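Below, chain A partners chain B and then partners chain C, in two separate complexes.
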Partner chain A sequence: MLFNSPEFLLGFLPATLIVFFLVGATLGPARAQLWLVAASLFFYGWWRLEFLPLLVVSICFNYAVGRALSRRPRRWLLMLGIAGNLAALGWFKYSGFLAAAIDELTGAGLPIPQIALPLAISFYTFQQIAYLVDANAGNAERTSPARYALFVVFFPQLIAGPIVHHRELIEQFERPDVYRPRTTTLILGIAAFALGLFKKVILADPLGTQALLAFGPSVDGTAPGFADSWYGAIAYALQLYFDFSGYSDMAIGLGLMFGIRLPVNFASPYKSASIVEFWSRWHMTLTRFLTAYIYNPISIAITRRRAAAGKPLFRPSVPKTAPFLMQMALPTLVTMGLAGIWHGAGWQFAIFGLLHGAMLVVNHGWRLLRRALGFGRPQGWATRGLGVLVTFLAVTVSFVFFRSANLDQALAILRGMAGLGGEVVKVARLGAPEPGTVGPLAALLSRFASLQGLVVVGGLAVVWLLPSAPQYIETLSGTVSARIGSLRRLLRWPLLRPRQWAAIAYAGNNPLQGAAIGILLSLALLRALSVAPSEFLYFTF
Partner chain B sequence: MKRFAYGMIAGVVAFVAGLLAGYSALTIGWPSSLPAPAIGRLIHVDEKLRFLRDRPELDPRILAVGSSIAWRQLDGLAFGAAAGGRARFFNGATAFLKIHQTADLLDFYLAHFRHVDTVLILTNQEDFSDCTTLPAAMLDHGAAAEYAFGDWPSVYFYFRYFSPQRYLRAASSLVRRRRPLVGDLYLDAYGSGPVMVPASKERGLRYRPVDPDPACTDDLIALSHRLTARKLRLVVVFPPIHPDYRKAYPETVAWTERTVARLTAETAADKTLIVPLYDDPRFAAEDFYDAYHLQWPGAQRLSAIVAAIMAQPGTRKPAADGDSAVPIAEAAGDQSPQNKTSPHGTP
Partner chain C sequence: MVQPEIYDALTQILREIFDDPTLRAAPEMSAKDVPEWDSFNHINIIVAAEQRFGVKFRTAEIDGLRNVGDFAELIAAKRQAA
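Coming up: the complex of A and B.
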């Protein structure tokens, strides 16, 4: 069930919400938790019922192992628990990819298993491995089976995150006030959901159509023209952001409706002036997990080994090449490589991760070098603007790998972006310009200036000029004055100064802002409930 | 927070009121800028549905379907008289359709038009690609029928098929695109889309050879069998191709020859007529505005030729059961590719 589907919006959500508070008020929190678990399992099973047992078995297995580890930490049991999780993930997600890769290398003619990927397996596996690690380290409280199950299956975050830490969710479900409806969180939840739904159906979906200008013709390895490649790649970078962050906003909004605060997942990532900053704003809960459970353990292990061998250790104040490479670059590349593979089974995902790893290493190295040479932190709008632009373009290039069906398609689009592609043959349409009659840059500009290009230009304006949805929701919750300092830091890039933004966006929860959200919600709902079919692309272009 | 919540409710009400006001303003003040509801996967299909909704009297005997090859090149006048009047011929073709999509749209028409006895398709190689990769359905038949032939008010369909980007894009150019003989969405009284492209907008040959999908030919043969089983006559015309294109791409001509031969052989037992006019010498380069499309005067001449072929005594005989309004089918012993029709459709 998708958040923007009619069955969710008109059936599942209102029914679950009403029954949750009714049960909470009449039968108590424990029964309300059971109701929410049952509703979440129904939500999951709606897609494909046959994967529901896998989710239930995974929860039971991890709860049992976690409980045993919290009672008495044992390394072998932890390893067994992690291996069990990875075995399931590996079989469902990576066995086909691995068999194909081995077959290609050896030419052995291996049978390639065609296994359907259970929805959300990457997310719930990751969350539960973290739980086991924390349980073994004595950092996980023992909890009831219902609350544990709720931590894993709570439907707002089950399918695509935010990746929650067991503590931040289980603790909230222990609070009795969660089971009483509160007007403030309900309204905030609806507002956050409205913004997320708007991003998904009004911005992301049309942008996906625009992205096909690059990703459509290149599916057979044909390089699109320069203008189509860049335009399509930028449209996709925006689509991915609006889609993913819109989903996260909806999840946060749904959580709020149930009185639960889910962690913020995106904080205007395209305002980042460096790739390091980008990863502190993009899919923040993933970054948090990668750092805590992959990067830090690897880095610490290497540091210990080097210290035991008497080798020099990395110190930011006195950077040296070998310690930097071993203690920072290597863990970064390994972590990001794994992050790439976590996103999907395919070489293009591995390259996506490694590319980001390499960019992070270069970024960290550059910072150290700058400091070593005595240069201060770059100041000024122009420098920051240049940083934002370069970072955005670098990320856009990397997302070509993320979106492509395979490596051949990604390389074809990159050839197009380098100006080495041909012009795409247009299908006849009266009044359409002939391909190849203008230069590549003029063609690119004409794409942005067209009626269809408005959604891309509008998308760029939104990501660069407006605060992120969670920031806006924070302002509504009445905690603005306490947080305005941190918000200012996050809002460095907009053309307007933070104070001006504060006047416009943080004017408080007045009725005009409510009306604006109401309009966005209506527009998004009407579009989400619409049954208009998608247009054929050869008409659109 | 309450003030904010009241604001939200007011916003929802204002939005719905604004939409209704905008719809009313367009309907009353600028009806020519109001696009059809976005029911189909192409604006051209939507416009066709609007055409049907506006003409409840339509009850065709001859039904033309296909891509722009049929849509732009059939003059209803040439067929209307033979069919029994303006309401008895309908050009249901629309842009971009592949053969399997044409078959799907035809099913939609036939479910409503009960008195059709002849289905006319004008086609060429461009329509014979991607039949295994592109979806066949261009619309939801039930929903389209609700709009085209039902009684629900139009506004219901605009809300149900709410697609603001599509509507804005369409509305911004609709007046121009519906202009007679100039706009690509213009529909004449028969549903055809006649076009005259001025010299300043010449597009050259425009098309390149496609990679034909054999499944398309299979689909057309299957359609022929299906229509015969329903006692309907199918006429498939391969209309003239620009002489320069035939010279530049002889492989397209060779493919057309092979396809005509295969279709003729495999539909020999059907009530189907294959009319190869792709190299008809009566059509010169100046008759075309691209490789496959004739300017309107050329299309009118072509229509007269096709109508005459369809009316030829040699291509017709009384149906065995005698229940068809226009008895059809070739002489049983005249099924060779060469003899199935006159070589260039000469009446």
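Coming up: the complex of A and C.
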């Protein structure tokens, strides 16, 4: 079931929520947890029932191994557990790709397995491997099977994150007040969900159509023109952001309706003035996991080995090439390369990851060089603005790989972006009697200035000028609880004194905010309920 | 119990890595207080401390650290266990 589908919005969500609180109030938290597990499995099975057994087996397997590990840490058992997870992931996600790659290399005419990718497998595998690692380190508390299952299947975060840490979710389900409906979190949840739904159906989906200008004609490897390449690539960078951050906002909103706080996944990433900053604001829960479970272990192992061999450790004040390459560049490239193929089996994803790894290394190297040359940290809005623009364009180029069906398509679009693509663009300009031939830059500008281009320009304005949705919801929480408080006081209206009336009036200081979110929600709902719901981009990972 | 010598040794490590003789390790100090304290230098500090105190940290232990005070307590606990 998609968050933007009528059956979810009008059936599953209200029913699950109401029964959850009813069961919580009458039969207690343990039963409410079971209900939520059952509802989440139903939510998952709605797509393709055949993937459900794998999910259930994965949960049982990891729960059993994790329990044994937290009773007594054993390295071989941890390795077995991780291997089991990776084997399932490898079989379902990478076997087709590997067979094709080996076949191409050797020309052996191997049969290439056609295996359907089980929904969410990358996400739930990743979360559970982290759980096993923590269990073996004595860092995972023992919990009930229902709470463990909830950590994996809680439907707001099951399909595409935010990638949660077992502790942060299990602890929350242990709190009794989660099982009572609370007006503040319910309202904030609806607000966050509204913003996310708006991002998805009003911004991301139309942007996807604009992205086709670059990604449509290049499927067969033909390079599009300069204007279409850049315009389409920028539209896609915006689409991906609104689609995925919209999904994350909806997930956070749904979590809040159940009184559960899910971690923030995006913090206005396109406002970043460097690639290093970008990864601290884009898909933050993935960055957090990559750092903790891949980058840190690799980097620590290398640094320990160098230290044991008596080699000098890296010092930012006296940067040396060898320690920089070994301690920083190598772990970064490995981590980001793995992050790339975590997204999908294909060379384009590997390149995407390695490209980001390389950009991160250059970024860190540049910082050191700047310092060694005696320049301070750059300041001023002009430098920052330049940084934001360069970062955005670099990220846009990297997402060309991310979106492309294969390497050929990505390279075709890059050729187009370099001005090597096909013909000179013909555009019908407003007021011009007939299509005329214009230069590539004028053609690009005319794309943005067209009626369809409005959503791209609007999207850029949103990512650069507005606060991020979770940030906004956070500021709203004070207002909402103040207003609920004053509504409660209003019930005792015969007893109120003038000063208290004034306080109530003041608590409603900005009724426009509520109205604005209401309008966004209505627009988004009208749209969501009138068109066939489109899938989220991250559901294919 | 965290011995003062742990903080002295950490001070020395921080000064050497960041080349800043004014740095002083204190319980409530954290990565936010030093602009160059990123994930990369974090590892350097950890490994330098491992060497200095002859202990070894697990990845999960490192992830749970909030500030220098947590780190000093972890070192003290490790030394006692050793």
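Methods note: the second predicted complex is superposed on the first by the 485 of 541 C-alpha atoms of A that agree within 3 Å, B and C clash if a C-alpha of one lies under 4 Å from a C-alpha of the other, contacts with A are read in each partner's own complex, and residues count from 1 in each chain.
In the analysis below, contacts are C-beta pairs under 8 Å (C-beta built on N, C-alpha and C of every residue); 3 or more make two chains touch, one makes a residue touch a chain.
Computed from a prediction, not measured in an experiment: that's the story for all the values here.
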Chain B versus chain C as contact partner of A:56, first or second or both or neither: neither
Contacts of A:455 with chain B and chain C, given as first, second, both or neither: first
Which superposed partner A:139 touches (first chain B, second chain C, both, neither): second
Which partner, chain B or chain C, touches more chain A residues: B
Which of chain B and chain C A:532 touches, first, second, both or neither: first
Touching partner for A:184 - first (chain B), second (chain C), both, neither: first
Partner chain(s) touched by A:307 [first = chain B, second = chain C, both, neither]: second
Which superposed partner A:518 touches (first chain B, second chain C, both, neither): first
Complex contact set, residues of chain C against chain A: 16-19, 35-36, 38-41, 43-44, 46-48, 50-51, 58-64
Sites on chain A touched by chain C in the complex: 133-134, 137-139, 276, 291-293, 295-297, 299-300, 303-304, 307, 313-318, 327-328, 364, 377
Touch list for chain B against partner chain A, complex: 1-16, 38-44, 68, 95-96, 138-140, 143, 159-166, 168-169, 172, 183-184, 195, 197, 201, 203-204, 206-208, 290, 293
Complex contacts: residues of chain A adjacent to chain B: 183-184, 187-188, 190-191, 202, 206, 425, 427-431, 434, 451-452, 455, 476, 509-523, 526-527, 529-536, 538-539
